[in-house]
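Presented below are the structures under discussion, each in the form of structure tokens.
First chain A sits with chain B, and in the next complex the same chain sits with chain C.
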Partner chain A sequence: MTSPIGRQILGNVPAWLQVAMYVATLGACAVAAAKVIAQVRRWRRGGVEERLLPLADRLRDFARRALAQRDIGERDRLAGVMHAMIFWGFAVLFLATVLTFVDHDLGIHILHGPFYLFFAFVVDLFGVLFVAGLLLAIYRRYVVQLHKLGYGRPGDAAALGFLLLVGVTGFWLEGARIAVTGWPGYERLSFGGWISALLMSPFVPANDWHGVHRALWGLHVVTITGLFASLPFTRLIHMFATPANILVRARPLGALRPVHGDAPPRAALESFTWKQLLELDACTSCGRCSAACPATTAGKPLSPMLIIQHLREHMSGERHDTRILGGVVQPDELWSCTTCGACEETCPVAINHIDRIVDLRRVLTDQGEIQSTAARAMESMLGKGNLWDYAPSERARWAERLGVRVLRDGEPCETIYWTGCAGSYDEQARKVSESVVALLQRAGVTFGVLGPREGCSGDFARRLGEEGLFQELSRRNVETIRTHGVKRIITHCPHCLNTFLKEYDLDGVEIVHHSVLLEGLVREGRLRPTRGTAQRVTYHDPCYLGRYNGVFDDPRTALGAIPQVELKEMPRSRERSFCCGGGGGQVLVDVKAGERVPNVRFAEAEALGVDVIATACPFCKIMLAPVPAERGLEGKIVVKDVAELLAEACV
Partner chain B sequence: MRIAVCVKQVLDSGVPLRVVDGVVRQEAPWPIAHLGAADRAALEEGLKLAGKLAGVVTAISAGQEAAAAALRFCLARGAGRAVQVARGDDLDPVATALAVSDLLAGGSFGLVLCGGESGDGGSGRFPAELAARLDWPLVTAVAAVTLDSDGLKLERRIERGDREVVRCGLPAVLAVDPILAEARYVSVRARRVAANEPIDLFRGEVSGVDVIGDELIALEPAKPRPKRTSGPAAGLSAMDRLAHAITGGVQQKQSGGFVEGPPATVAAEILRFLEERGFTGERRG
Partner chain C sequence: MTKAVQIWVIAETDGERLHEVTIEALGDAREQADRVRGSVSVAAFGAVGEAIIAQLGRYGADRVLLSAGGSEQARSAERAAGVLALALAKETPRLILVGATSFGRDLASRLAAARKLSFASNCNWVKIAPDGSVEAARLVYGGRLYARVRLTSAPALASLRPGAAGVGKPAPRQPEMGTLPALAEVPVRVEHVALVKADPRTVDITEAERIVAVGRGIGSHDSLPLYQRLADRLGASMAASRPLVDAGWLQFERQVGQTGRVVSPRLYLAAGISGASHHTLGMKTSECVVAINRDKNAEIFKLADLKVACDLETLLPALLEKLEAKRAA
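Right, the complex of A and B next:
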């Protein structure tokens, strides 16, 4: 026997209107499907994507980003709450519609009795959240007009309006249904509809409820079918594209898309991968990437969001530019990127901005369209194995003075200290090398250096778009490392570390950054930092060590072990650290616009009132060290590596 | 128009060198060599002109392995053709110019661009010898090139940052300054592709002169140029020599002057001046 408690479905709707609804729904689905298919065809113009991430990782990512909606609120709590309200509201309302269909059209009667009471309450609850989320979205975008949401697309307002209309007419319709069915008391659990009915009552004569119900039903059907048909034509296409993009995520941060063969790189949609084209539709232009971007912050001509959105416009035929380079994307945008990864770290929909920027840099570099400083550096990398045009024979001069074992050709050595170009030649960075060596010698670590046989890792070359040079340098270096039978590499530089870990084929070789190794030596008691002077220190996370490779705690622990060091954190630290401005080959490229990125970062440290900015990357030190003198703070704030501070304390 | 660019690969001067048994060796685990800066500028300008004129650049280098390497670089940068003049790697500039001129004389080149000075010897003789052999005009120290209907309009780099503007018909040999054009980066990918492109060999006989390669014996640090001094002439009397030592000279210093008038008058005055000072062989009667 059927319970008296239940949902009346289509009770007041004549058969011809019901038929019209089904036809309209099918029509809307057909329009939407045709557009989605057209977009899929566009994505398929892209090339093959080499996926390095295992399925388990991608599923975990999907659960975290798409279902739990965690990343959306990472840097903007209110936005996270807002989106979760809309997302889960829409999902539950959609599920409710499906259950209604199952009950009515498939004859599986589930919407009655206690389940219906539960259903009625939950659906209204999520309906209210849905409407509230939409109002919040409208408030942020059109009332407050948040700067990061400045990029608008035609149809944005219509999409939000359609969604809101669906939610509001849903409550009106529910209210009318409650009135038509004689105000059954259990429907109070459908509180949204009940309140709507109460609010409408003064304006609707009792005899007119049937007509009003039919009219609202028609309006609701029109808004729903209209919404469905228009979904893929607006930014709401991200409802399909974003989950798909997260599921097919290709690579971890720090492993760039490899290039095979000797065909010249092209700036065309076909030269992107299908995944990169899918990403264009997955982007919701939420602006988080640009808000986190150091280049954007410093006033450089780069906005990661606009690069994605302009390419999307190009793919969709919304732009007049037929050229990507020099039209859709300007070279200065590309050369402003420090590849710090802040955009990718903060992107809630797993877009790989850096891959695309480097892909386009590859075209420029192959055409010789690169600043002369970078060009000279890369010629030096190829010819001399370093980026500053020094002779290879000079590479280990500093080490010879310290009695470090410089390996002869092919001489076996289990542990090598990979000093890198900066650590070998640059005066600032060489002080760090000398400190590391002093600490290793003190701790009794047996190691050697390759000297002239060590070459640039090619990180800058690759990120400047010179894939061929990177391949050549990596081939030489891997061959050298294998020839010497190396089992462990202590890297001086986080850029070498990342390249060795994620872009070289060095299976079986342990790669460790000097800050991690030194922290271990302190923990084991092999290094005893006993001498200290009172100093306030802030630690600047190098992007390629922290965000790229998750090393946040070891350098801080090592600094904490030094007596009288007071550690202070900058507002932007750890995963959200702000780049020094040197990554991605920016040490070699200068885009004049805006402020210098290191100056922006330095100001953040200066505001803390620290004496020392500690870091663990030679290029961070090179970028930040000159700033105090520029700001008249010479001697008041110094930039030092963790190794230097430890060496001073271990005397 | 066919444009020829003559190039030479030189050892990188930034790497310490040693001479061992007459052979220059770098202190490096691998040889480090490249085109000289002026040659790179010549190549860039050649490519730029060829692009404007829908022409083709032919890169030419004389020698063995180093020449082939230089030509592969030119192909990677965009040269349409490469010709290796198959001679020893140690040809001197005169011999190289003779060999290359035989190649050029057989072609229909309208313009030859060379680096004004190579990155190693730096004598600057090659373009001059080449132009003389071809009997074409030579413009040196070229810092800017414009091609118009009247031929070439060139800027020469002269002292103190000044520029001299000259006109020159075609065909011509230009010895270019490194500032003429900024060298563009040549990617490793392009170099790899160029490694498989053909290089034509030219084995033509060099006529009239025995071509013998220089033999390098040692590298020596540059000696300071002798200071120019003016001693008293040997034919002066003792009194005049003493006067020279005390006063710095026995002749009264004559001030210069301007000669004005019609060309015939000016020419006659200049000739008279030169004859008085013994610059010409004999006095006119």
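Right, the complex of A and C next:
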């Protein structure tokens, strides 16, 4: 021995116990490995996943989410602290155990001298954090019983119990070791163990620690092997599945997985991708998605977390119902989704809920199990090119009145204003198109509209699960846009915008949202909003503009440029904006349960005491605009597009 | 007369009134007959009153062929088709037209099968060329394309889409009367027993002929029974806009609009409905819209045939009183 300071390993432990420990540890690892391999096999039953995100992005994501644990604490500070304590505690204790094996079994003696002192202190520090984190977890789950943690699964208590026992028996064992080795003074740095030893002393008969130490050593080994063997059987499987899931994240928000070939969609485990099956084990049912979900909040039958967890139960054979649709997942859950993306945005483990929901909707739609209102709208999309069965020839009637150039068939035009179905036909939304046109004309922007040649973008069709219709509409529109030699598309519809950007093949065509363009025109001085009346305004972020495409500031800057506008932020804004209730084709379907989503959102704005709810999406306007009248606030709060407010100010 | 080209129109009537599509078909037949110097005969079933015969004459029938029988017998397309099949053994018109109603569809398929006729269903128009050939056009592929077809058999048979042609100009004349075999002569496998009118209170609103629709503007829940009374007096079904359904005043099955039902009744009475696009999308094709709203700028008035800008609380009792007085009289 080179230094008197050091760690005694396996002293006082008889050889047969040592052998038993090695056998048990290897056995536990074998059990765990077998289970992990079985799960990997299950995941591999899934189909091919087309990944769109480059490795660099995924590595960055991995560093942020898995290593730095950023997202866990972002929405719930205490949960973040708790998880970091357990995560880093576990990691350090695990490393410490590995080091003792290295020291003892490989004969590489490192646990002595100053490094041992450092080691002793750090390991105890993390041990304390580990135990504290677990107590916090137990407090959250079993004492305050947080609502979002309402989904429990078998093994939850065992997982927490094993972890806690490993930590606590570790300290006891350390204390006994210190006592057995004669209380060396430097071991005060192993403060956890030292304190444990002091606390245990009065109960140790005749101060003979040898038996106690042996018993505690055995107990510690049992808890550790128990923990290891049970890891992949409880939610702790996320220790493997979650980092893997983050690393293989497939696609950005807003680009749905396309369907290839003509085979009818099916609802079976095999019809999900392997990534979607991996996600089922990556989910820790932390409940953030459901807490953020507008449908869950409004009392609709959907909880994104439960969809994932119920499918996980199905995958692991824990459920009696063998059918996915109508058994594991109910159609009304699927039809309640607004595809707003709040779940995916807040999920710390990078689960894509929306792809999965749309995949299942595709099956329902294929079987005709869809609300007649949606079916009707989709027939109209195909036949008439709009959602509401209006005549295509009427599409540009509003524009003709305003002297807008309506393009003839094939007439070349560099910049077009894409009006969308709502902006062409709906009274509420037409006010938006009229305002945009007035502003573009005032700023001297040259543009044309496609009028009858423009057709529904198909965003709703796709999200309602009618992939074939989407592909047909997309093919027609791309052809039209190419025929006219379009270089730039201006649109006020975030749904058209998103699908053009992420789901259409429009390389070389610039797609710009009106709020971005108008903000630029104001900044360049080409629009001068000079007239203002005192108004308190809150800006409602459309999901497909903000969360999906990162446009948060331009509409706010544009609104801020209007004199006497006082901007107020709702509690849920920007990335965490709360959906109007219209996305994903929800304008067309109505799951009558709980409250209406727009009413929930409206109440949030109302509580701010604003005069105007500004938005930048025609469907947000359609959903929110009728609410004031329904609540007896007609004229007191109005819903307007950013363009309308700007047009009123530019005179 | 036997040499001239004959066009037959099959009348659909409840004994008191002609179905509008019969008048439309008659107008078409008259126009075609005039072009080829032919004549128009109308086949009618059951007890047909003087008024109907006069109306047939007014729209250009040269001859009316009656097949005697009871009113239930006359509702049987099977019987009517049998009568016509017998009649066609003796006469050979160039073209037979029938309205593409449920009666007409039923009858035309049976007749085409029985006599092995060329048959075009649900046509937008049918023409007889000077050389005597018959051509028809119908919408296909969900209304996006026209298919033009030539009918080669003699006679040729076509059913006309109701409303496609519109009622033609009157071409009055005194029709000659003739007879067809009686309805009772035809053996049938299905016997009509009775026609039971749907109860407006329970009928699916998409099938309702008249609708009284209520919106937020009717005020309190207590006034709802008054509107039900109005609906009963008018023989109408109740419907509502979304907010009232959300509030649980009426069932979801009675919601008209974007996320509810799309209705197209002959009469749509909108009481206290502002006319947001969400709602009007569900009723814009109604035949006659009566809108009652306090706000004279309400959007619903843009769609209305009769606009009543007044307080419902004053109008409704007066309206009920009138209707009830009329019923008593």
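As a convention for this text, the second predicted complex is superposed on the first by the 647 of 651 C-alpha atoms of A that agree within 3 Å, B and C clash if a C-alpha of one lies under 4 Å from a C-alpha of the other, contacts with A are read in each partner's own complex, and residues count from 1 in each chain.
Quick note on the criterion: contacts are C-beta pairs under 8 Å (C-beta built on N, C-alpha and C of every residue); 3 or more make two chains touch, one makes a residue touch a chain.
Keep in mind that what you see is a predicted model, and the values were worked out from it rather than measured.
> Superpose on chain A as described above, then tell me if chain B and chain C fit or clash.
clash
> Would you check which partner chain A:R596 touches, where first means chain B only, second means chain C only, and both and neither mean what they say?
second
> In the superposed arrangement, does A:P392 touch chain B (first), chain C (second), both or neither?
After superposition on chain A, A:P392 lies in contact with chain B alone.
> Among the partners chain B and chain C, which is in contact with a greater number of residues of chain A?
B
> Have a look at where A:I370 lands relative to chain B and chain C in the superposition and call it first, second, both or neither.
first
> Is A:E472 in contact with chain B, with chain C, with both, or with neither (first, second, both, neither)?
After superposition on chain A, A:E472 lies in contact with chain B alone.
> Tell me the contact category for A:D262 with respect to chain B and chain C: first, second, both or neither.
In the superposition, A:D262 contacts chain B only.
> Can A:L382 be said to touch chain B (first), chain C (second), both, or neither?
Both: A:L382 reaches chain B and chain C.
> Who does A:P452 touch here: chain B (first), chain C (second), both, or neither?
first
> Which stretch of chain B would you flag for clashing with chain C, going by 189-197, 207-215 or 243-251?
Answer for the clashing stretch of chain B: 207-215.
> Just which bits of chain A does chain B share with chain C as contact spots?
Common to the two interfaces on chain A: residues 379, 382-383, 389.
> Show me the residue ranges of chain C that touch chain A in the complex, using the header's touch definition.
Per the touch definition, chain C meets chain A at residues 142-144, 216, 242-243, 245-246, 252, 255, 258-260, 262, 274, 276-278, 281, 299.
> Report the residues of chain A in contact with chain B in the complex, numbered from low to high.
262, 264, 365-366, 368-370, 372, 374-375, 378-379, 382-384, 389-393, 409, 452-453, 466-469, 471-472
> Quick check on the complex: what are the chain B residues that touch chain A?
12, 14-16, 27-29, 32-34, 77, 182-193
> List the residues on chain A that touch chain C in their complex, please.
Spelled out, the residues of chain A in touch with chain C are 371, 373, 376, 379, 382-383, 388-389, 425-428, 587-590, 592, 596, 622, 625-626, 629-630.
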